[in-house]
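The same chain A turns up in both complexes below, where it pairs with chain B and then with chain C.
Coming up: the complex of A and B.
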């Protein structure tokens, strides 16, 4: 009796894990089935490369693809130095009390809803950019990536701090005993120890920026074009999906959003593979 | 290394720290300044009396009440779907899965955790169309589809937090009951789960927060701007995050805009509250209250 209970429980637990893993595959299959008409006949690369002009029957997602890449890269370019500085401050340079306070603030920031950032972005940051830079409506690549950098900084900072805190105490003491100061400890002990955390933090955050919908949708302007400067409006793949969803189910526009979905899925899967290989490489080195 | 370079680096770090603090203070301060004045009973219940609205006797038109009910409904449902499967999956990963199977499953969960929420929303939408065509014409993007999609969104978090909670127990704790003759299941139910309950619980609360704030999934799977309090599982519904998004692009007058600030503030307070509960739980404060033996 007890033995049967053990078996049944193990069976249920196994089933739950398998179902959950199966969902991962199922999502991709769903996207493929709905995007299939576009994928047949080698149209896939045309779709990625061609521009978007429904009047001529072109439903390429190149502008959105480039928009996503530009916004993400610019967002990372703002967020990385900011987060690196903050993380170094928290775990090395700041007095303990201030570092602890900053860490609490950063942890709290991870809980702020994305839509709230977007909302404040529209009514605070967009007018500021418009006034200061005199550039059009203010809804542009620059505004969106500034807000995105605030959104992902907490992720980056927590990853970096985690890596910085991992430096062995004895090595730090050795540097101190040789007369090294905090900065030398940081550069010669803490940083070399933390590189895998720093790298996987960057990859993870990049995945989050690529996949973020609301901020780009709300404050990047959503014009379908390849942005020529940071002050021009852009549309991301994610925003495109959200905007087109309302259209007719059988239209080619509608099918193109599944191409966006597949692209985003593959992007994010690639990030996961990258993080795992970073982890594997650093694990092998330590051994 | 030259003295000047060191100075510059340290000053740079301090500038970063204060930039971040300034940014977040500005964002929160702006929201409080604009929204605090608009938070009152009228914001939530409009012109309907509180009792009538709570008993669902009258519709609330110009208030946040339907959106709040919608958010509570969708979060409850999705967490209800995700918790049993997630915890069971986590226990399997920590206690039963070994070797290659564990590696493959773990890889799947990592991928699922990385899938952008808009893509999960899109597949939820595709699922709705699929069911609509092949099973029942009554199925549209709805509360049910939304909560399924949200459940998928938080599933990997619950699995992973359960798994890590169990795996981080000390090896001694793991062996004692078995040494006394307990079976594997008895060991899990009577020793391992009670010991890791607070960590599992805090993972669940973070998952609830994630459900409550996510907008991309629900906007693709059935959240609309005006629907009233949801009447069935297969009806469209209103939700706070979607309302905020909607107001930001479609507000008609100052009154509506103010209610947008109010809604943002309420959503943020809910998320902050969940966050604090989660961090308190991890410290074990709530654990003692929950599991007194």
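Coming up: the complex of A and C.
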């Protein structure tokens, strides 16, 4: 009986894994089918490279592509040190009770909907950036990436903390016995053990930054231009899809969102593969 | 005795007549005994009127449920065409292609101006049309040249599917370009709050949305007000449409009929639009 139950459970789990994998593939096939007219004529590469200017019949997504790249990289650049320090504090350096409290706060933060961050961004961060930096409207690349870094920090922190907690007690004791302090424990035992968790966190957080629509839509400004500085308004691929989806089905504007979809899909797949292979290579070196 | 009975009759009949007269006067009574859902989406300028109409109808008859979503004129036309909603609002007349493809029936229930707005702290209160075009094309980039502070101009515009943008671009900008540096936001309300928060911003909203948080800018000496739009002096205006797929029926028809009754028209007027009747 128990054996049978186990079989059934296994079967159900396999099935759900298959379904979710299948859906991922299906989405890609869907995008391909709808984007096919663009891909066939080699138009896709034109779309990637050319600017967006409906008046001249140009529906390129280069400004959005670069906007996405800049915003997500900048967001990661802000979030990584913040999260790394915060995780180290929670897991290693802070007194146990304070660390536990911080961890609860971070867990709470993961549940905040992005629209809340968007509102805080509009009413707090945008005027601050406008008044302090005195350039433009405050709706810009910098504002959006700052807000995004706060959005993804909880994800990063929780992954890092899990990784830091994995260090074997016996190894830590060994360092302590040799007269090593907390910092030495952190650098020589905890960090090397946490490597794969750090990578997983980065992959997941990067996916979130790339895929987030609302924050960029609300506070990045959405101007269709390649931003010349961090204080300029920019539009991401996701925000572009959200803005153009209302256009007429038959219009070339509407068709361009499939190019955005394919690009986003390939882009995030590429990032995952890249980060994973970096992890695999450096993991092999250590052994 | 006889007179008593007569008086009794009068006392009974008169209120009945009075009630009947009332029933004819109050168009909301047509919703009595009805139940169901009306789904509305589209133009963001329409929303205050839709909300008030829905509130009045649902107060008389709680069995009717009316949902109102924004999305812009493009969304309204598309969703009603795909039968995702019962009424799709648009701040522009649907194109001939859209009308043919979706078999749309249009009901224009108000006229609305599109006014240029700046932050109240900005002293600029008037622009010529050609200046306006230069500003939105990104050729004039500083308020100083226009009598304001020595600060860069922050442009706010709407997304491509917006009816407000369509009218503004056609009539105010004479179809000239809008700078690619312009910030793009997704509703009339969003432009208003962006300009209300940005001392150096300029944008355009439905005249019905203009309140004390933003300052209207006169174009060629004519300020965007209800009176100037009504008298056709202020020309940047458009009809507000509620569209249905094929002839409306049942509750949907009653809702649209209500918009065109004196009470419905009053709601439109109260919200800063010009009634069509």
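Descriptive notes on the structure:
Note that in this section the second predicted complex is superposed on the first by the 247 of 287 C-alpha atoms of A that agree within 3 Å, B and C clash if a C-alpha of one lies under 4 Å from a C-alpha of the other, contacts with A are read in each partner's own complex, and residues count from 1 in each chain.
Everything below uses one rule, namely that a contact is a pair of C-beta atoms (placed from the backbone, for glycine too) under 8 Å apart; a residue touches a chain by one contact, two chains touch by 3 or more.
Note that the structure is a prediction, hence the values are computed from the model and not measured.
Between chain B and chain C, B touches the greater number of residues of chain A. In the superposed pair of complexes, A:136 makes contact with chain C only, with no contact to chain B.
By the document's definition of touching, of the two partners only chain C reaches A:253; chain B does not. Contact with chain B, but none with chain C, is seen for A:210 once the two complexes are overlaid on the shared chain. By the touch criterion defined above, A:122 lies against chain B and chain C together after alignment on the C-alpha atoms of chain A.
In the superposition on chain A, A:5 contacts chain B only, with no contact to chain C. By the touch criterion defined above, A:281 lies against neither chain B nor chain C after alignment on the C-alpha atoms of chain A. Of the two partner chains, chain B is the only one touched by A:17; chain C is not.
For the contact definition in use here, the residues of chain A common to its chain B contact set and its chain C contact set are 122-123, 217, 242, 249.
The touching residues of chain A, counted against chain B in their complex, run 2, 5-6, 9-10, 12-21, 23-27, 30-31, 33-34, 81-86, 88-90, 93-94, 102, 105-120, 122-124, 150, 153, 181, 183-184, 187, 207, 210-214, 217-218, 238, 241-242, 245, 249, 257-258, 261, 264-265, 268-269, 271-272, 275-276.
Note for the complex: chain A touches chain C at residues 51-55, 63, 122-123, 126-127, 130, 135-139, 217, 221-225, 232-233, 235, 242-244, 246-250, 253. Considering their complex, residues 1, 6, 9-10, 12-17, 19-21, 23-24, 26-27, 30-31, 34, 84-86, 88-89, 91-93, 95-97, 104-105, 107-123, 125-127, 129-130, 152, 155-156, 159, 183-185, 209, 212-216, 219-220, 241, 244-245, 247-249, 260-261, 264, 267-268, 271-272, 274-275, 279 of chain B touch chain A.
Here chain C touches chain A in the complex through residues 71-72, 74-75, 78, 95, 97-98, 152, 154, 156, 159-161, 177, 180-186, 193-194, 197-198, 200-201, going by the rule given at the top.
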